[in-house]
C-alpha cells in the first residue's frame, strides 16, 4: 500500500548482518537484500513447457530438454567425444551444480577434471575448503583434481559472493581464467596489464561477471588450467587462429580421424560483436533488468530469457525500445528464424563432409593428402558450426555476425568435399588486382551464341583420378 | 532576421503559378517551391572522389566509376549479356537519362526496348508526346518502341510531376508496373485490389514513390511490358520461384550454357526485410531528410547517400539515433565490411562453379545430366549473388537478411560443383524427424580410439566415374 | 433474487466510489489538474520522465502542454482528459498494477501529436502541406519520440 511505498523509497535496505569473505551461504546475504535473494532463488523456477522427464533412477523431478534429440546432426559431429552422449538446453542458475553432477559426460567411461567446477559452483567456497590461506594454490589443486572428488567440496551454485564484494556490494571478478583472458584481449587493443577488478568501468562489469562463464574455453595441459582463447581477439576466427597456433585440438573425430575442436557457449564473445554491445547494452540490462519493487528498482536476480513473458519483455527491452511487447517478440522471432534456416543448411554441409571423409577412408582408394586437406577443412567447419549452435541466443546477440559464421561453415565444408576430390579452389583477396575474368568468344551480344566456346584454360580438372605420385594439394583452410 | 522568418513561416509558399498535368518543366514548379526545386537540381553535384573520366568522344565532363573494374568477377558471371560490357556506380538523379543514353548497353550490337525509359525519364512527358488522350495506350507503345526512338521523346530525368499531384502536391504513383506489382504483393497478404493512389498511407508513399524504380524487374514477352516479380512475395526466394514458375530467363550464360537471370537493384525489396522498414522508417527519412530552410523545414530533394558527410548523417540518422555522427558512420562501416567479406567468398564459389561447368563442357566426357544439374544450381547461385551485389546499400538495408542470401549462394554454387561430379546431397527439413546420425563403433570415450571404424554405409561414393548408362542425379536446387 | 443482485450492485458501486475517493485523494489525483510539472513528480512513477524532462530540450514546456488538450480553446476535452487520466493514474498507482516501463496509451499519444502543432505549426507548415486536411498524416513521434524526455 501507499504508506508502505513512501517508506520504502527512502530506505532501500537495512544492514541486518555483517557480510564477510566467508559468508558463503546466500541466505545470510538475503537478510540484508531480501529482494535480490528472493529473485536469485527463483532461478529454480522452470516453465512446464521446457521440462523433460529424467531417466529412471535420476534424483531430479524434472530436467531440461535434450538438444541431441532436437538435432541429431550433433551426434554425428561429436562422434569420439562425450557430448555425443548427452547435451541439453541450459536452465536456471539454481541447477548448475546438480545438472553437472548428473550429466552422463562426467560418468564413466568419461573422466573430467575439477576445472569443470569453475563455472558450475560457488568457487570461493571450494577454494576455502581446499586451502583457506592460498586461493591461487587451491585453484590449481581444484583444477587438477578428478571431478568426482572436487565436486564433493562444492555446496552452492553461483551465489552472491561470486559476483559481489561483501564489504561494498560492488561487482567483482572471482575467476582467474577471466582475469587472464581479458588481460590478453585488452592487450590486443593496446591496453597493457588490464585488471578488471581495478580498471573496469561499472558498465563493463555488468557483462564481465557473466563472461567468467558464458564463454568458449579449453583446459590447458596436464594442469587442466581453464583458459579463454582471446589472445588474438574475440571472434570465431581469432579463436581458431589461436588454437591452430598452439596446435590444440579437443578430440579426434572418430568417423573421420580429423583433429577437431569443441566450441562452448560463446555468448559473451558473440554479444561483443553486436550492436547492443557497441551501445553499451550489457547482459544485465536484458537478463537482469531493473524491476520495480514498490518504490525502488532492483536488479532482477532471476537471470533468465528476457522473452520469458510480456512482463519480462517490458522490463528489459521496453526500457530502451518504444515498441510494444508483441513487436519486440516479433523482432526476436524474425532474427532467430532467419538464423535457424541458414544454420540448418550449413549443418547439412558439415554433415555431408563428415560422411564423405568417412566413406573415402572406408573406400581406401583416395589420396591421403586429399583426405588430410578435407580433415583440415572439417576442423574449421566443425568449430564454426559448433560455435554458432552452442551460442545460446540462436542468432540474436549479433544477427549479421552470426550469419557470417554460418556462411563460412558452408564454404569450408563444401571446400572440404572438393578437396577430398583433389580440387583446391583459390580465394580472391582483391578482385580488382588478383583476378582475371574468363571471357567467352565471340564477343557477347544480347542474343547469346548457341554453342559457346569457353576460351580460358579450363581449371580445375573434373574428376581427378587418384595416383599416389600426383602432387598433393595444399591444405589451407 | 525575425520579421522575415515570421513572414516566411506564415506563408510557406506563394502560389505563383498554377500547376497542371502538363507542367512538365520542373522550373515551373520551382516558382512555387524554390527550396525543393533547388535541392532537386543539386542531384547534379558529384564529389570529386567519385568521378571517373569518360572515354574519348563521350560528351560528359565526368561520369561514375566502373563496377566491372572494381570486381571483374562480374564480367565472368555476365558472359553472354550486355552488362559484361559496361556497368557503373549509380549517381545523382539528374544524370539518369543521360547515363542511360550513353551506356554501351544501349549501343549496337545491343538492342533495348523503350521500356527502359520507365525508370530513367519523366514518363508523363513521354506518354503525352506519344498520345495525350490515352496514357495506357501510350505506355504500351513506349515499351515496345526501340529504345533509340523512344528516348528522343524524353526531355527530363525524374521530376516533380512523376512523384507529386500538381493540384494537391500529394505523393502519387505514376508507374503502371508498380501499381500492378504492389497489388500482387498485397494480395499475398490478404489485401485484395490494393490501389496505392487510393489505399496507401502517407508513410507507405514515402517508400512507394522510390519503389517504382529501385526494384528488381523483367520485361515480359514481346510487348516488353515492365513487370515486378512480386506475386509470391518480396524476398529473393520469392522472385526465383516466380521466374521458375513461368520458365523465364534473361539470357544464356555463354561460358556454361545455363539459362540464367539478371537481378537489378532490389533496394526496396531488401529494405522491406530489414528492421527499419518494420519500424516505418522509409527511404525518404534517410535519403530525403528534413532540412531547415529559414523558418520552415522541407524535404531535402537532393536524394543521395545519407553517409555523404557529417551534416547529412546528422540530418538523417541522428533524428532517431542519439549517437554521434562518427558512431553512426562506424555502424554502417561494420555492417558493410562484414557483408563485403562474406559476399566476396560467395562470389568465389559462384565463379568457380562457372569455370568448372565450362571446363566440363570443354572436356566433353562429363555426364550431361550432371552438367544440367550444375547449370540449375548456377541459376540459383548467380541470381542470388547478382541480387546481393546489385542491391545498392552493400548490406545495410537489411544486414542479417543480406547475409542469409550470401550463405545461400555459397551453398548453391558448391552443390553445383558437386552435382557436376555426380553427387547430390539431401536437404534436412526437420532434423528431429528425418535424419539418422552416423555413429562410430566402438562407443566413444574421452580418449578417442586410435583407428576409428566408420559403421554406417558410406554414401555418397567418392569420385563417381561417368558412364552414360548410370542413373542421372536429379537436379533439384 | 433480482433485488439481491441490485443490492450487490449498489454495494459494489459504493465500494468502488470509496476506493476511488481514497486513492484519488490520497495518491494526489487532484494534482493531475494542475499545470506545474512538480505535481506530476509527486508520484515516483513519474520520476523517470520528470528527471529526463528537466534535462531535455522541452524543460520550458510543462507536461500538460504536451499531455493535455489545450485548456482554453478546448475546455471540455481538457476536463474529460484530466478526469480520465487523473483517475487511472491514481488507481494504478495505488494498486501497483502497472508495468516497470509504462507506455503511453494510443489516445494519449494522439493527443501529444496534436499538441506539437500548437507550438510548431508554422515550422512544419510545408511538410504538412501535402496532407493539409488530415493532421494525422505526418507522425512527428516517428522521428521525435524522445523530445519530451529521452528514455
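Worth a mention:
Each chain carries a letter (A, B and C) given by its place in the written order, and its residues are counted from 1.
Assume a residue touches a chain if its C-beta (ideal position, glycine included) is under 8 Å from a C-beta of that chain, and two chains touch if they have at least 3 such contacts.
Keep in mind that this is a model prediction, so the values were computed, not measured.
Viewed as a network of touching protein chains, the structure reduces to a complete graph with every chain in contact with every other. By number of C-beta pairs in contact, B-C leads when B-C and A-C are compared.
The geometric centre of chain A is 36 Å away from that of chain B, both derived from CA atoms. Centre-to-centre separation of chain A and chain C, using mean CA positions: 46 Å.
In chain C, no residue reaches two or more other chains under the touch definition.
Among the residues of chain A, none is found touching two or more other chains. Contact residues of chain A toward chain B in the complex are 69-76, 78-82, 84-85, 109-111, 251-257, 275, 278-279, 323, 327, 330-331, 334-335, 338-339, 341-342, 344-349, 351-352, 354-356, 358-363, 366, 395, 399-404, 406-408, 410-411, 414-415, 417-418, 420-421, 423, 425-428, 431-432, 435-440, 444-446, 448-449, 452, 454, 456, 458-466.
Residues of chain C that touch chain B in their complex: 122-127, 129-131, 137-139, 142-144, 146, 150.
Interface residues of chain B facing chain C in the complex, by the touch rule stated above, are 9-10, 12-13, 35, 164, 168-171, 201-203, 280-281, 285, 290, 295-299, 319-320, 322. By the touch criterion stated above, chain A contacts chain C in their complex at residues 1-2, 5, 9, 289-292, 294-295, 297, 311, 314-315, 318-320, 322, 324. On the side of chain C, the complex with chain A involves touching residues 26-27, 44, 93-94, 96, 99-101, 103, 145, 151.
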